[in-house]
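Shared between the two complexes below is chain A, which pairs with chain B and chain C, respectively.
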Partner chain A sequence: MKIGIPKALLYYKYRIMWRSFLEDLNCEVVVSPNTNKAIMDTGENYSIDESCTSAKIFMGHVSWLIGKCDYILIPRIESYANGDTVCTKFYALYDICRSTFPEAKFICYNVDYAHHQTEWKAYKQLGEALGASVFHTRRAYLNAKNELTVYEKILQSNQDDLIHSDNLKVLIVSHPYNIYDEMLGTPIIRFLKDLNVDVFFADIPDSADMCAKSKHLSRSMYWHYNKEIVGSISHYESIIDGIIFLTTFPCGPDSLTVELLLRKIKGIPMTNLVVDSNTGEAGLHTRIESFIDIIAEKKKRGDEYVG
Partner chain B sequence: MSAKIISFPHIGSYHVPIKFLLNALAGKGNKAISPPPITKKTLELGTKHSPDFVCIPFKYNLGNYIEVLENGANVLVQTSGGCRMGFYGEVQEQILRDLGYELDFYTIDAERGSAMDFYKAFKDINPKLSITYSIAAFAVATRMAYAIDGIEEFIRKNIGFELETGSFERMEKQFLHALAQATNVIQVGKVYREYLLKFQALPICKPSNPKKVGVVGELYIVMEPFSNYCIEKELAKFGMEVTRFLTISYRLFSKKHTAEYVLKNTGSYLKYDIGADATDSVGKSLDLARAGYDGIIHLKPFGCTPEVNSMPIVQRISQDFKIPVLYFSFDSQTSETGVKTRLEAFADMIDMKVASQ
Partner chain C sequence: MKAYLGVDIGSISTKGVVVDDKAQILAHEYLWTEGNPIHAVKRVIDALQKQIDGKDIQVKAVGTTGSARKLIGVVLGAQTVKNEITAHAIGTMSRVPDVRTIFEIGGQDSKIIILEDGIVTDYAMNTLCAAGTGSFLMSQAKRLGLAIEELGEMALKSQNPTRIAARCTVFAESDLVHKAQIGHKKEDIVAGICNAVVSNYLNNVGKGKRIAAPIVFQGGVSKNVGVVRAFEQVTGSDVYVDEFGHLMGALGVAVLAKQSGKEQNFDFNIQHVEFITKGTECKKCANNCEIIHVYRGEDVLDSWGNRCERGVSA
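Up next is the complex of A and B:
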């Protein structure tokens, strides 16, 4: 069986796990290509115009996959614990796609810890739908989970290696599906690396640890994915020279979270880049360049002062 | 220590029960006040200090807070919902503090918290508060909310057919005034029954088979007439009977028990809950379509994620049942004329549709 995976949203968080799990259950995995202008435009055509850009891109990927696989995998995530929910977009993606593309076939797994639907239960049902036995599913699930943990550990240690470098260090605070998307975050990261800046990613440090650390900055935040990236600010506070918030227009959780952080964090230069499908690269480059100039100057003066 | 003056943001006519409840719980020496009625100024104030693309209820709430703080309030209360509304409180508190106001801010989490959290918050304001007393006060406020919902339902169904222009609105004002004087459940019931009879006695000229439209959408925009340019009354002017399901009493008390049923009732349209009130929007649209309504109006603030989620599905229902749906999205820049023109066109279209059948 051929399973299609859209290269957007949760792909960047769970790709290792999905691929391992599905291949273990003898499925062939088809992943849509990197986001390009065509995918973005198709996505926009298939979305309500007020959806966030990340979700529009997702629709473009789903549309690309139709006809190239038997089923398209769209997970439905509601919560990771009581009071630890995610953006409502993730609640609805499966139903939205079913309504928008009635001709396509989708498979789904539903994670909702607040209503006793754990990740294992979700994968068990997914395995059942794919025709695998419970034992086979269980083994595949544990293997996949393990692979994901190992991969995350490698990323973490790679990032920790950067701590001792002398370059400017900038923390990118955004969701993985924005940071690593070919049309949204990647050009920005590339540009920063060209400027000889060490880039730290907010999504890489350990999730549970970060959720706990997010309490320093916000007492009532309940979005799991936002807690993860907000926690990393407290985590790296002492070593970074600047923070870049990267938001897609009009992201609901980020609209409030970034406002709160901009008001609460003192002493670290910050900038907020809002991108959508029409954002021009030139304008972004100018803003990033001047931001890097500012933090470079600040660092230089700070060193002189101390010296 | 100075007296505590408690306040809250506006939503529809519910300032009457909310003010009653807060007044009852505030204790001796403290009191609750309503913010000044929402005006253009409120929205401007709120927009000025809000993040760029936050949804518009945030801006209205913030405008209410600033205006009432200027009127002397020093304790503010905010509730929360299933969407980003749950995070309003913390950000608003931060913004108000940055503006230099001295205040206590309480967020009562209706979605994730319990009734006990509510009690604890007020125990903090008024240490002498007892549980039995709060339950009694809560019961009266609840009865008031039900009374308002009952009366408003009658108004929506009949205001389009009033013979004397403005008679319903005048009576509604009197009703709210009388309701605000009530202090216990029996009095509230009396006021409700008295005014329901008075409303029924108002002269109307209603055809036996009127055109019917339903309103669905996001909680705040649907319930606060200022934020939707009194869309229900505008609709009624075209001689329509307006139905809406989303009221405070539904949201706070019935939803818990009916959520599962609503989801099941959407059949093949929805498999899972799609967040906040969006599942209701889909479920109720389907109910309206099945009941043979002439049209559906879908309201939401700009960028409301749950309602945007519901739109492709409502659109599908519209195609399957051949029922017209008009979508409105409200922001601080929405023009009233634009809304009215679209409504008029919608009403004309329904007229033509009815005539052709």
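Up next is the complex of A and C:
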């Protein structure tokens, strides 16, 4: 059986786990290509106006997969713990896609810890739907989970290696689906690297640790995916020279979170880049370049004081 | 004498200065871009050459800034290509060394730059909306049957400025029509517009920024004394408007070109060389990047706009 995975949103978080689990259960995995102009345009056509650019891009990827696989995997995720939640998009997407693309077939799993629907229960149902025994599913789930953990540890240690470099260090605070998207974050990251800046990614440090650390900045934030990335600010505070918030227009949770952080954080230069499908590169480059000028000058001054 | 050339190519106007090694202005020019940056720069170069003609001046380095900085940087063979925020800050500091806040309101954009101990610590630009910029003043002047140059003086006459909703240009406009219809005096309305520009600017671009004196106000709107007075009233401190305020970007990038330490004699005859740009759409993948090639005669000087290597040879 061929399972399609849209290269958007949660793909960037769970791709290792999904591929491992599905292939273990004898499925073939088809992933849509990097986001390009055509995927973006299609996504926009299949979305309502108010949808954020990241979710619009997701729709474009789903559309690309139709006809190229038997089922498209879209999880329905509601919470990872009591008292936390995620953006409604993540529990609506499966249903949105079913009604937007009636010709396609989808498979789903539900995660909602607040209502005792754990990740294992979710994967058990997924395995059942794919015709695997519970025993086989359990083994595949544990292997997949383990592979993801190993992969995350490698990314963490790669990022930690950068801590001692002499270059300017900028922390990108954004969701992985924005940071690594070919049309959203990638051009920005590439531009920063061309300016000789070491880029730290908020999504890389350990998730549970980051959720705990997010409490330093806000005790009442309840969006799980925002807690994960906000924690990285306290985590890297002492080594970074600046923070770039990267958000897609019009993301609800991010617009509130970033506004809160801009007011609360003191002493670290910050800037907020809001991107959508119409963002021109020229304006972005001007903003990034002048931001890097600011932190470079600040660092130079700081070094002079110390030296 | 060694000199340095700075060119600031905005969407509306193109500015050029030649400075000596103490950042004193030897020649300057300001003219409309008219949608053709290359031609505008040639005219600027021509005017600057005439101003320094016969003097013992050799331009040793060139800097470009403004939205066409990359294109013109290639055309002029610039040593320094810098964003306009840094350029404006450097230029202003060469005139007012202890400046802490720079307000800038241009034809369609506005920005604020905050400095501390001679370095930029924060900045903001207007993003989505041109409310409260020069084009808003222009259209309101027209509506009231006034020339844009008259607005400032007229606003100063007002004893009792009309309150005009400043949040959004569209609402400000309908509010203004309403106030005129119920009998507010013209000078009060004009003063109200100036106040609206200021509160709009401070609420949007200046939101959350700590505004400290000395304050320098630049951009086309700084020529409007009514707006200057409104800024002084709101901030409670003097607002300094430089006679060369419109040249700060060009001045700053000339200083940066000098600081780059790279020197090469600049040839003013470049104004007679033919430069052509060609836009092509790369067909090699679904992104359809629009790639710009800059030609000097038959030779390609530079190309950009491609998102990946495949576009390089397109």
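Before moving on, here are some points about what is shown:
Everything that follows uses one rule, which is that the second predicted complex is superposed on the first by the 307 of 307 C-alpha atoms of A that agree within 3 Å, B and C clash if a C-alpha of one lies under 4 Å from a C-alpha of the other, contacts with A are read in each partner's own complex, and residues count from 1 in each chain.
What we mean here is this: contacts are C-beta pairs under 8 Å (C-beta built on N, C-alpha and C of every residue); 3 or more make two chains touch, one makes a residue touch a chain.
These figures come from a predicted structure and were not determined experimentally.
Overlay on chain A: chain B and chain C fit together in the combined arrangement. Touch criterion not met for A:G131: it reaches neither chain B nor chain C. Looking at the shared chain after the overlay, A:G252 reaches chain B, while chain C stays out of its contact range.
When both complexes are overlaid on chain A, the residue A:K298 reaches chain C alone and has no touch with chain B. The superposition-derived angle at chain A (between chain B and chain C) is 80°, Cα centres, a multiple of 10. Contact with chain B, but none with chain C, is seen for A:S51 once the two complexes are overlaid on the shared chain.
In the superposed model, A:A92 makes contact with chain B only, not with chain C.
Looking at the shared chain after the overlay, A:R287 reaches chain C, while chain B stays out of its contact range.
In the superposition on chain A, A:R263 makes contact with both chain B and chain C. Put simply, chain B and chain C get as close as 6 Å, counting only Cα atoms, in the superposed view.
Where the contact sets of chain A with chain B and with chain C meet, they give residues 263, 274.
Considering their complex, residues 36-39, 182, 187, 262-263, 269, 274, 282, 285-287, 289-290, 293-294, 297-298, 301 of chain A touch chain C. Listing the residues of chain A that touch chain B in their complex gives 48, 50-52, 76, 78, 82-83, 87-89, 91-92, 94-96, 98-100, 102, 108, 110, 218-223, 249-250, 252-253, 255-260, 263-264, 274. Only residues 67, 82-86, 117, 119-123, 125, 127, 208, 285-288, 307 of chain C touch chain A when the two sit together in their complex.
Contact residues of chain B toward chain A in the complex are 51-55, 58, 82-84, 86-91, 94-95, 98, 107, 109, 112, 269-276, 278, 302-306, 308-313, 315-316, 329.
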